[in-house]
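Since the structure comes first, as structure tokens, the remarks are kept for the end.
Going by the order they are written in, the chains are A, B, C and D; count residues from 1 in each one.
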Amino acid sequence: MHVMVVNVKAYSQGIADEAVKIAKIMEDAGREFGVRMIIAVQPSDIYRVSNSSKIDVFAQHIDAISPGGHTGWVLADAVKAAGARGSILNHSEHRLKIDDIYESLRILKEKNMESIVCASSHEIAKAVASMEPDYVAVEPPELIGGDISVTKAKPEIISRSVEEVQKVSNSKVLCGAGIKNGEDVAKAIELGADGILVASGVVKALDKESIIKEMAEAMSR
Amino acid sequence: MHVMVVNVKAYSQGIADEAVKIAKIMEDAGREFGVRMIIAVQPSDIYRVSNSSKIDVFAQHIDAISPGGHTGWVLADAVKAAGARGSILNHSEHRLKIDDIYESLRILKEKNMESIVCASSHEIAKAVASMEPDYVAVEPPELIGGDISVTKAKPEIISRSVEEVQKVSNSKVLCGAGIKNGEDVAKAIELGADGILVASGVVKALDKESIIKEMAEAMSR
Amino acid sequence: MHVMVVNVKAYSQGIADEAVKIAKIMEDAGREFGVRMIIAVQPSDIYRVSNSSKIDVFAQHIDAISPGGHTGWVLADAVKAAGARGSILNHSEHRLKIDDIYESLRILKEKNMESIVCASSHEIAKAVASMEPDYVAVEPPELIGGDISVTKAKPEIISRSVEEVQKVSNSKVLCGAGIKNGEDVAKAIELGADGILVASGVVKALDKESIIKEMAEAMSR
Amino acid sequence: MHVMVVNVKAYSQGIADEAVKIAKIMEDAGREFGVRMIIAVQPSDIYRVSNSSKIDVFAQHIDAISPGGHTGWVLADAVKAAGARGSILNHSEHRLKIDDIYESLRILKEKNMESIVCASSHEIAKAVASMEPDYVAVEPPELIGGDISVTKAKPEIISRSVEEVQKVSNSKVLCGAGIKNGEDVAKAIELGADGILVASGVVKALDKESIIKEMAEAMSR
């Protein structure tokens, strides 16, 4: 089943009840088109969203810590207890030390949580894939938040990443950066991605329902 | 009114329902002894705890960001929407750049949220006080989580901090590090502190109710 | 005596022999106009520059470490042994945790080395001044490397910083950001600064000798 | 040819003239036993050491920056101009973001400089190897600076790393952590390593000449 991950980042349009609204639209669209839906929210919204919708809620980040004296860092056990099923790691807006990626993946596996590790190039995609996350999300940073989709600007980065990742692991590949419509989504799937990681294209859209359905429909073809 | 801040850090004994239990005990003790109670929890627990108790819930940390593309960083607006009334900043387990302390204080003030900035010495207490947080929490790092209270090991660091902070600001001073019982609390107040910041002394106690009441009672004398 | 600090950053025009050339021009200009000259160079250039010129060489940064197992961090003892007389700290391109500023200042004092701590606002200038560095360099980050001098765009930030710094310490104030010519320098001194911190205005100038002399001359009036 | 890398870290016994002395001993031992010798020194010592000895001098770290406004960060061009032939990256005392490892490797290759990337496990060794550094140095952090050599405590981590690295790249493997004598060195080579990365075992030794020769001799067998 293809997967659509909506990362609401720290956008005003994606916190508190706004996050719940997006999750509910995703829930409907996921059911209609047979797409797995994941929403990655602010840590303070995990509990609220996971209690208001049936789709999977992810943290946008966890810290490489175990329970103990770690004031102000995000604990996997805590986001799991709040309802998170997994976490994004190493987003281009939150790059991590390689040892922390490794340790965070170990922690997530131990807690039966899923992982999406972001990578800015096929070389880094391969490097992180060798640590066996569930998903590697390929996002050239210069396209994130922009108007041109990676599928148009750099399609080869997706196909090459799929190829390199498969050489070293069973991780699935998500396509991110600049995805704005159904055409971009269809192209991502065609290039070998198992799904998409989208943010501003959904969260800042005036008609969120329409764009979410368009993307889900494109994924189900 | 004196204030008692319980920082549950990332302790297993302070997440999810455990955090709610501590908050409820604090609520009772605060009412009984006329002490303002604040619990600082994991970001993913803010919503749950603030909806289950009447005491003030704080974040343990916020990042110096405004709404936008900041995946995996903690947004003030989001923790506020989840129910947080303020945040700890610069805890010894999460030291911050001086510019980020300043910017985070600006953001908290803009959102009518309160601030507790931690400092490891009277010199740093004075430096952060000049940026006018609501509270400066003085905690010699070598005593945090330990068995000897700062009020016994280094009482002069509290009295000197109170003095230096008052020279440059209206910030109140909290006393932290190793506080374990009512005697430590009474001494902190005697040294000029407006309250205490406590963590393991409460969270890892076998009988949390008893120790919270003992501390609150000592503060009310 | 007024002081002119040239920070060559990591500009190609300021490494290796280029740094030596700048230092020699500064040496001549300093002697001619009675200005104390300091050049802050890459750590790998401290030895070369300090052995080729009589002006004071500073590190652009030191880490808050003592001798020991700290691979790849910059040790005060090492830069001192290479010829450094002091260090810049907390430059806007290298912001530091407040505890590290404090610890680095302690280390520099212990080694009889001088310190220049950068600050982006009068509030932060005051906060760092309370930790008693030798110099506080006030640089609004948005003007650094630009064409408009802080003395034109925000003169009040300099005069206010001088005022606030003097309230809490004996630190001297340097004026930075966008300083391009003798007029800017004269204005900085007029606003109460003890000197200037300049980078691209000198390092990227086509005729470095001419601009260094113009600035030194303006300082000597 | 086997390689012996001595990382002097920030030890007092390895800065300034002390670094030069170690380099000279290494030069003699390298010639006598046919071992390639590399000394990794503080950035401020690169110029002095590279001008006093014929062995290769490495930086202990470079930052992922290109020439420009990067005050206080270590520029590859600058350490190269001072005489460095390469750099260590991602030492356990200086862990890096995965994107910075990748970018730093790109910069080093562009400048014809060599790279040694440290890894704490065979999984991380494999991940960094896929980015094709010249050397991967495998060092379990818990053994660094200690009395028990990795070759005794965890020999399988070396042999497994050699195996995993060879699957994905042409990088050579160095063995580090706790190496104290010729026996440890011989064992490292036997396990498939191309050389060793040693620090306190040499730098803090009372008789540096004796231990360097012992290690070089063991490597030449």
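We adopt the following convention: a residue touches a chain if its C-beta (ideal position, glycine included) is under 8 Å from a C-beta of that chain, and two chains touch if they have at least 3 such contacts.
Quantities reported herein were computed from a predicted structural model and do not represent experimental measurements.
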Same vs different contact residues, subunit A with subunit B, by half of numbers used: same
Far-end chain from subunit D, centres as C-alpha averages: B
Between subunit D and subunit A, distance of the C-alpha-averaged centres to the nearest whole Å: 37
Averaged-CA centre spacing for the pair subunit B and subunit A, given as whole angstrom: 34
Gap in Å, rounded to a whole number, between the CA centres of subunit D and subunit B: 44
Multi-chain contact residues (two or more partners), subunit B: none
Interchain contacts, given as pairs of chains that touch: A-B, A-D, B-C, C-D
Sites on subunit D touched by subunit A in the complex: 90, 95-102, 120-121, 123-124, 126-128, 130-131, 168
Parts of subunit C lying in touch with subunit D, wherever the complex brings them together: 7, 9-12, 15-16, 40, 42-48, 59-61, 65, 67-75, 77-79, 81-82, 84, 88, 91-94, 144-145, 199-200
